[in-house]
Amino acid sequence: MHFRESKAFTLAIDIPSGLFVDKPVTDEDAVVWAGFTLSFASPKLVFFLPETAKYTVQWEVLDIGLDQEFLFTTQTEVELIGKLEVLPNYIPREKYSHKGQFGHALIIGGSYGKIGAVTLTSRAALSTGAGLVTAYIPKCGYHALQASFPEAMIITDVDEEKITSIKFDIEPTVVGFGIGVGTDTKTASAFGTFLKTNKAPLVIDADGINLLSKKKTLLKLLPEQTVLTPHPKELERLIGAWKNDFDKLKKIKAFSKKHKVIVVIKGANTITVFEDKLYVNTTGNPGLSTAGSGDVLTGIITGLISQGYNPLVAAIFGVYLHGKSADIAVEDYGYQSLIASHVIDYLGEAYIDIFKQPEEPQLEEEKDAE
Amino acid sequence: MHFRESKAFTLAIDIPSGLFVDKPVTDEDAVVWAGFTLSFASPKLVFFLPETAKYTVQWEVLDIGLDQEFLFTTQTEVELIGKLEVLPNYIPREKYSHKGQFGHALIIGGSYGKIGAVTLTSRAALSTGAGLVTAYIPKCGYHALQASFPEAMIITDVDEEKITSIKFDIEPTVVGFGIGVGTDTKTASAFGTFLKTNKAPLVIDADGINLLSKKKTLLKLLPEQTVLTPHPKELERLIGAWKNDFDKLKKIKAFSKKHKVIVVIKGANTITVFEDKLYVNTTGNPGLSTAGSGDVLTGIITGLISQGYNPLVAAIFGVYLHGKSADIAVEDYGYQSLIASHVIDYLGEAYIDIFKQPEEPQLEEEKDAE
Amino acid sequence: MHFRESKAFTLAIDIPSGLFVDKPVTDEDAVVWAGFTLSFASPKLVFFLPETAKYTVQWEVLDIGLDQEFLFTTQTEVELIGKLEVLPNYIPREKYSHKGQFGHALIIGGSYGKIGAVTLTSRAALSTGAGLVTAYIPKCGYHALQASFPEAMIITDVDEEKITSIKFDIEPTVVGFGIGVGTDTKTASAFGTFLKTNKAPLVIDADGINLLSKKKTLLKLLPEQTVLTPHPKELERLIGAWKNDFDKLKKIKAFSKKHKVIVVIKGANTITVFEDKLYVNTTGNPGLSTAGSGDVLTGIITGLISQGYNPLVAAIFGVYLHGKSADIAVEDYGYQSLIASHVIDYLGEAYIDIFKQPEEPQLEEEKDAE
Amino acid sequence: MHFRESKAFTLAIDIPSGLFVDKPVTDEDAVVWAGFTLSFASPKLVFFLPETAKYTVQWEVLDIGLDQEFLFTTQTEVELIGKLEVLPNYIPREKYSHKGQFGHALIIGGSYGKIGAVTLTSRAALSTGAGLVTAYIPKCGYHALQASFPEAMIITDVDEEKITSIKFDIEPTVVGFGIGVGTDTKTASAFGTFLKTNKAPLVIDADGINLLSKKKTLLKLLPEQTVLTPHPKELERLIGAWKNDFDKLKKIKAFSKKHKVIVVIKGANTITVFEDKLYVNTTGNPGLSTAGSGDVLTGIITGLISQGYNPLVAAIFGVYLHGKSADIAVEDYGYQSLIASHVIDYLGEAYIDIFKQPEEPQLEEEKDAE
């Protein structure tokens, strides 16, 4: 019997045997499946990558007396994002604020049968704190959006079923593009024309990313620090196939540096990549594997940029809020019944949670004494 | 005065006098109406059949020292389904899941004035855990569904008022068919054409069942373990009239074996039949006697198959979840005010409840001591 | 200074001085405005009539040793309706029930711009316990109702903006007619034609009553125990002007006896009149003075008849439930913010409340001891 | 280092040094930024004006033994509005009320893509206590409003996309005009024609105010005590540019006296101006800086006038309720996730709060004793 097939509980020290901190696992590497890994000094990136995370069910970090100051000041390429990391980036609302200060988010998307995605993105942008939200959609979505989201303003394309030209007389603070938009050639053409004159920061998702993949020259027209939020297939179309998680990260870093864009790799531990740095998110749960969950994330990031967060912070903080909101919602709905609208509904609690002290673990005997 | 007309409290031992475990009651059988039946070793099937359940208001099983191992290992034809029976079948969500893993449920249905049924079925499928949900409806339902259920994608038939052709370019994991679809000949024809090429597992309800009854040759085109969820009249059209509950079960078993389908007999104790086995559900309450309740059940079963449950487990577990959700909801709404949307809203609590320990009965004196 | 202008607290014994139990007050009657009336044996009808209720802010009944059995068995013309009176009329739901047992309520109404009224009535009917609800509306209401109330089925008139012919192929258990229907001559004509063949029990509200007033011969076509729920102006059009509250009641009784209809006089203490008997409701509050409140009442009464209550009990119980639901809702919303939808949302709690023991008044010292 | 740049905590006495009670601050005035100001006898107006409020983070008033009766009876030009000020103006609902008593509010507004604003205003008017609400909108908003707000009645303009003529056969108690209405010349013309015959009290917001600014002669047609609720840019178009907050107030007072209108200056401390008096609101928070917040305020004021409040009290009380509702809602949603619909949802709690005793501060030792 191979050790790795043993059903006994396996404790790994620092890193499960056979796993490397800096290169991928191959079939020949007989990695031990650890029930628990006690890691030294800091968690390893491989604990968060899809191909290798499975090798340790749980992990904890042991302080082995390395110089803390050295650790904190060393510029690492990987940062874990939790409450303590987002807190200093939070922008408080001043009393004498007005909605003009929180910007005007424009959400461009939708096509026949896929208007709900725009509703979710727009609602998420407003519920994240944008001052105003306008949805730009094909005509076929007019009644639905007007009925279900009264706080939004709507501009419709001349076309009934898809986006064919992007023209508006508002001055958006930020534009979210691509949710449910399809890849019709007229839509592609309208997107290209829009990019030529657009000055606003951009968040691009879904078919918006597919349109970039189809016509890579458009990448040159993106404003610096445009946020891209691809799911795996969209990512592959954008950067090409990868051999393994390490190769994928390498390719994304190169892509990010070349085009000066921020890439949000959606997954169990969503990783935001900008140039050489990786920001590994620690919130979120499998309940987010549900229709529209990504549309809500796009709305959250757009809503943050709208109110003044820079795009990188908006991406990192947005991914955190999205996951945290789901973490709170899942206590009421469970993994299976959580739907994307719930993530929007619980955004307020996710914000409020930022200022809550983490609960200190309590000893059993203290509990009994209560 | 006859004994059975007595108003005195009647305790029956094992089974109310005059009731048989294996054959129907006739008018000549002067069955005693028992207030309470103390049954030996296991409950009897007749306690769950509409014609005979009324003879005992309550029942409990007395352990009479039969060899428990024998009881457990004996392959019985009837299984009572409660929390302990569904728990081992529950598929946990892994951390590195994504919505592709939970499938794409396609709900085909609706006709002019009956679009709400598709909304309920689609919402139930998503809230049960399907990764994606697409609704295939006639054009007249477009605005309503787009406005009320943003998480859904929509494909519309070429016809304004009914389904006349079933064509789509998605690859559904499972198809729910029939809710509110009507029995127009064009719809019948579209259904037949669809069945000829369909490979996805099927859940068929309402007019979908009526269409099968009208043209029995379609039954040959059903994939194995297709789930049918008829109400009594739809069932009768499908299998013909029955003499009594025993005859009904016999006919259903024969039908199930012949066509390799799973039949869910909706009622106070919904019974799922597959070949010779009966699965008697123990959750649910009279609050479920409300418009759209069946549509929600169809959505739940479809949503379970979508995320990887096999059709038989999906039917049994789905019926359990549907009833459990209603049991929790009824505490807030009462029997009369419970509506089908509430059953969807409480699905999360029904899932969470699976992992709760059943409360142990507390003695009165313990309560007083609190 | 007149005594009645005194600002001192006034206690009235049995009935405020100047008030009569059986005839109206005139300007010459210098009725005392009582802060509290201690009434003998039973409350007086004048405590509940708009013109005279104002003379006593509060009242209580003192048991003066009259023969209780005599009081209970005496057939009084006036009955106060509270929890104890509705409880014996409650029809419990049996376990082996199905939605067919709770009937199919058909709500016919609406016109351009007044479709919401039908939504409220239909939702109220279902939330009161009807098994199925179909709304019959002009075409202009199709999308709105389909989007906002998925449990309902819809049949549309051939006309876009109003009801012009009432044709359907369902067999309703009960029909609610008139909410938002307008008084167009085509609508009037359709109503007349409908009445000629209709066999189902009827609840008529709003413009439905106005149509009866315009063409009194239609009254002959009403089924026995049709329920009419007029507000004051609709009532006046129906029975003509009255001199005072007593005269009004006299006219209504005569009208009820002549046409064999049940008249629900909406107000602070809604009074249901059938022939010579008056049922004075004790639930409800000023929060019900809000748009759509009457539509909800029509839906509740229709929903009760649908599930088997006879029309008189349905009217009395429906008025009670409507008021009770508002009484519970007002604790969360206050009088001003209560809207008609809330009354529907709280119907479940109103049902559940029926089975709650009324709280016993607690002495101050007992409270302190807690 | 300048004192004002000191990071030490600064306590100001009476008023931060360099700030004047009656004239604006210039760049030369080296005003101290106070962490806390202990003000004598009464708070100063400058604590509530945008340009100067920032100079003191917090303030409290010290009773310095001035003759209280003198203070209370002195007619001051500035009144702070809190719970104690609105309470005496609250109109209780009498038991024998009916919806006719609470008036019929007519909301005229909306244009293509801006229908949601009318939904919010109309819902706010009803939820504030109007008896009936009718929305007057262009045709393009019909389905959305009918679907999302069933309690409302709807009248549509002859035009599909904008208001082009204002004709109705109802008798509104009050009219709210301008939300989302645009400034098309046809709309402007329809507004002018409407003003010539209108007798109902008016609340004018948003583009309604812009229409007045474009054609100042319309101001002569406004009923006395018309309420205007401009945001800063709308205000500037109406009264011209101002040099500073003091100049702004002076201009508004002059405008109010000239046209006999009430001006609500929206901001962190919303100030209601009528002739020479200023009413400074103390409720509200930065969460109100969100799309549709102003539409809700217009609806609240309109709903108060509808039920019998005079326009000045309605403006003052409405601003208070709007802020209070947001203050309660923000505890659940946080500043960023609060959206305009929440403000409507919490209006009931804002009303109920009026009758709650303010919590007395509790000493630590008292808390411990519990």
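A, B, C and D are the chain letters, set down in written order, and residue numbers restart from 1 in every chain.
As a working rule, a residue touches a chain if its C-beta (ideal position, glycine included) is under 8 Å from a C-beta of that chain, and two chains touch if they have at least 3 such contacts.
Given the structure is predicted, the values throughout are model-derived calculations rather than measurements.
Interface chain B/chain C: under half of the residue numbers present appear on both copies, so the contact uses mostly different residues. The best fit of Cα atoms from chain C onto chain D calls for a rotation angle of 90°, in steps of 5. Note: centroid distance chain A to chain D, computed from Cα atoms, is 38 Å. For chain D, the set of residues that touch two or more other chains comprises 143, 147-148. Residues of chain D touching chain A in their complex: 50, 53-54, 112-117, 119-120, 140-141, 143-145, 147-148, 231-232, 267-268, 285-287, 289-293, 332-341. Residues of chain D touching chain C in their complex: 93-99, 101-102, 126-133, 142-143, 146-156, 307, 347-349, 351-352.
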